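Report on one structure; see the data block that follows.
Just so it is clear, A, B and C label the chains in written order, and each chain counts residues from 1 on its own.
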C-alpha cells in the first residue's frame, strides 16, 4: 500500500509541475508590455481536478487496469458474416452499395453531400498512402507534397493553358508520380526513421517553394477561379461561358445550385471506385505481394532475387500518383487553392487514417477516413480542441490497439 | 559436367582491422553436398554473406558457372541461381505459406503492370506455373495442408522446411543452407537429412551447408571444409576430416 | 578588410550563435536516438515549452521589480530546465515506454501524436499568437571594422549565448565521460540489452537521458527566446527539424557530432539568408539533410555501420 501511495503522490506532484505554469498562468500583452496573469479560478479548478484524477488513478491503478482490461477491444472482424455467405452475397452487396451511393445525395442536404465529397477525397488519399506505408512499410511523412503537386498542376494547366479537368486528371497523376520517383530514388534506401524525416522535410520544402514562387503559384494568395469540371462540355453554372451550354439548359430543367455539388460528389465516387479497383488488382499481382514481402523482411527479399529499389520506387510512385489524382479533384472542387491546404498536419492526418484503419487493409482505411472526417463535424462545439484530441487519439490508439480498426486479412488462395 | 559449379579462391573479408575471412578456398561440383564446419565464430556465415553478395568481399574470386560473382549485389547473385537461407529463419511471417512461395518466384512472373491489370493470357499462364511450382514444393516438404496459414504461425521445424522450399521454388542451381538443423529435434533432423539428399539426387542441385550437427554433416556430405577463425584448416571426405589431428585439436583443444 | 569580408564575418558570427543553440537541441535528439534508437518527435515541442516557461518566469519576476537581471535570467533558466525536464520525463513514460518493443511506425505515430498534442496544448492554454518580450540585453560588446562601411559587431546577447552553451556543453561532456551515471549512459548507448543484464537499471538511465535532453532544449528555448524576442506554439516544429538535421549531420548518437552539426547548420543558414532570399534558409536545412544522408549517412563524426545479416 505504501508503494502505491508513494506513486500516487509522485504522479500528482508531476502533474502539478506540468500544469502550474503552463496552464496556471497566462502570458498576455497589455499594450506593448508583456505581463503574466493568473489564468483564472476555473483553470485552476481544472488543474486541481486533473491532479486529483492522477492521484486517485495511481492509487487504485491495479483495480482500474483490471476494469479496463475487461472492456473488449472492438473487433470489427467479428461482425463480418461467414466467408461462404459473404461470397454469395458479395456481388449483391456491392451492387446495393453502388446504387445507394449514387441515389443518396438526391435525398439529403447539400452540406451532407459536400461532407461526403470531402470524405471521399480523404479515402483516396488514405488508400494511396496505404500502398506506401501499409503495404510496403515505407514511412512517408511528406505525402501532402504529392497532393499539392496534383492540385497545382490542374490549377496552373487550367488557368494558363485551358486544359479541362478530365484531361488534367491523368497529367496530375503522372506529374505527381514523377515527383515521387525523383524524391524516392535517392531517399528510399534510408532506414525507416530517417526516411520519415526526409520525406517530412520534402513536404515542407514543397510548401515553402509554393509559398514563395509568387510569380507562378500566386504565393500565399494561391490560385483562385479554378474551373469546375464539366459533363461532356456541359457546365454546371447558372450562365454558360462562351461556346458552352449549361447543364440545366441542355436538359430543360431549372437551375439548381445543388446540381453542381451532386455532380462533384458523383465524380468523387467514380474516382474512388477506380482507385479501389486498381489497388485491389495491384495487391493480387506480383508487385503487391512484393510490397508486403519487402515490409515483412527486406533481407529475405534480397536473398530471393527481388530488387528492393524497384519495388520501393514502384510503391512510392504509385502512392504519389494517387495523391496527384486526389489533388486534381480537390482543386476542382474548391475552386481555390493555397499552400495553407498542404501543411504537415495533413500528412499526419492521412498517416493516422492509414495506421488507425489497419495497415494494408483497404476496408479499414476507408472506415478510418470516414471516421476522421465525420467525427470533427459531429463534435462541432469542440472544434477548438479538435487537434488536441487528434494528437491524444494517436497516442492512445497506439497503446490500445496498434493494429488498427480492421487488421488486414490474408487472401485465401485456391491451390488449383 | 566436369566444370565446377562454384569455384572460390582466396576469399578474404576484412572489417576495418578485423580479418573475418582469410583466403578461404572452396570448390563445389554439380550434384554435390559440401559442408563447412568449424568452431563458433569461425567466420562461416561471413563466408556465406560474401558468396551471396550481402557483403562485398575485400579480396578473392567467386566463380559460379564460370561467371565472376564477387562484387555483385545480393539480389543479382540470387537471380543467377545461388540462393541461401539464414541462421535465424527469415520468413514473411504475416503472409501465408503459399504467398511466401509465390513471392519467391517474383522474377519468373510477369511483373508488367498492364499485363497484370488486364490479366493477359501470358500473365495468367506464368501465375499458374508459379502456383504449380509452389504446390509441388510444398508437397515435397509436406507443408501443403498449411498453405493458407500465416507463415509465422508454423512450428519452428516447419518454418525451416518452408524456408528451404521457398528457396527451391526459385529454381536455383546452388543452395546455401546456414545451420539448417539448428533447433530441430532428431526426427526433424532426419527429415532434413533425407530432404537434402533428395534435393541432390532427384532435383540435381548442389548444396553448400554450414552445420554444427556432426551426425548430419558426416552422414550426408560428399566433401567437408573446416574453417577456424576465418582461416581454412582442412578439407576432404568425411572420413579424412574426422581423423585429421588439426581438426580434432580445433574442436576439442589440446589434449 | 573589405566590406564584403566583414559582412561575411558577421554572418559567420551570427551563424555560430544560432548554431550553438541548435547544437543544444540536437544533443537531446542524438542522446535519445543513441540509446533507444528512436527519433523523439516531440523534442522540438519541449524546446518550445522551455521558451514559454522562461518567458513566464522572466515576465513575472520583472513585474515584481527590484530583482537584478542576472538573477531573473538564472531563475528563469532553472525553472525552465526543471519544468521542461519534467515534460521530457513524462512524455517518455506516457508515450514511449509502453511501446518499447513495438515496431518503428507505431512508436513514430505515438511520437507525432504527442508532438501535435503539445503544440495544441500550449496554443490553447497560452494562445496561438506570437508572444513578444521587450529586448532585455542589448548593445554590443565588440565592434571592429571601419564605421563608414560596415562594422562587425558581437552583441552582449551573442556573448551570453556563447558562454552559456560553452558552459553547458563542457558540463555535459564532463558528466558523460567522468561520472558514474555518465558511464552508464554510454554503456546503454552501446548495448542496451547487455547493460541491463549487468544489473544497471536501464529504465532509469533512459529517463535520465530524456531529462537531460529536455533540460538542454529548455536552455536553448530561453536563449533563442531572448535572442529573437518572439515565441509562439509552433516554433518547436521547425526548430526540431533543424536540430535533427544537425544531429544527423554530425553523426547521430554522437554528442560532439551534435555540437559540430549544430554549428555547421547555423553557419550554413546564416550564409544562405545573407546571400539569397531569406525564405529559403529553411530549405538549407533540408538540403543538408538529404546530402549528408546520401553521401555519408553516418554523419561527419559517426562510425560507418556494417549491416549484420
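General observations
Methods note: a residue touches a chain if its C-beta (ideal position, glycine included) is under 8 Å from a C-beta of that chain, and two chains touch if they have at least 3 such contacts.
Quick caveat, the model's predicted, so the values are computed rather than measured.
When chain pairs are compared by their number of contacting C-beta pairs, A-C comes first.
In terms of Cα centroid distance from the overall Cα mean, chain A ranks first.
Subunit A and subunit B, compared by their mean Cα positions, are separated by 44 Å.
Each chain gets one centre point, the mean of its Cα atoms, and the points for subunit A and subunit C are 31 Å apart. With centres set at the average Cα position, the gap from subunit B to subunit C is 49 Å.
Multi-chain contact residues, meaning those touching two or more other chains, occur in subunit C at positions 309. Among the residues of subunit A, those touching two or more other chains are numbered 299. Among the residues of subunit B, those touching two or more other chains are numbered 54, 86.
Against subunit B, the residues of subunit A that register as touching in their complex are 278, 281-282, 285-287, 289-290, 292-293, 296-297, 299-308, 410-413, 415-416. Contact residues of subunit B toward subunit A in the complex are 52, 54, 74-75, 78-79, 83-84, 86, 90-96, 98-100, 102-104, 106-107, 109-111, 113, 116-117, 128, 131, 135, 144, 147-148, 150, 166-167, 170. Contact residues on subunit A toward subunit C in their complex (touch as defined above): 14, 17-18, 21-23, 25-29, 32-36, 39, 133, 137, 139, 141, 186-187, 190, 192-194, 196-198, 200-202, 204-205, 208-209, 211-212, 299, 344-345, 348, 351-352, 355, 359, 384-385, 387-388, 390-395, 398-399, 402. Residues 33, 38-39, 49, 52-53, 55-57, 59-60, 63, 79, 82-83, 86-87, 89-90, 94-95, 98-99, 102, 104-110, 112-122, 124-127, 131-134, 237-238, 241, 244-245, 248, 277, 279-280, 282-283, 285-286, 289-290, 293-294, 297, 309 of subunit C touch subunit A in their complex.
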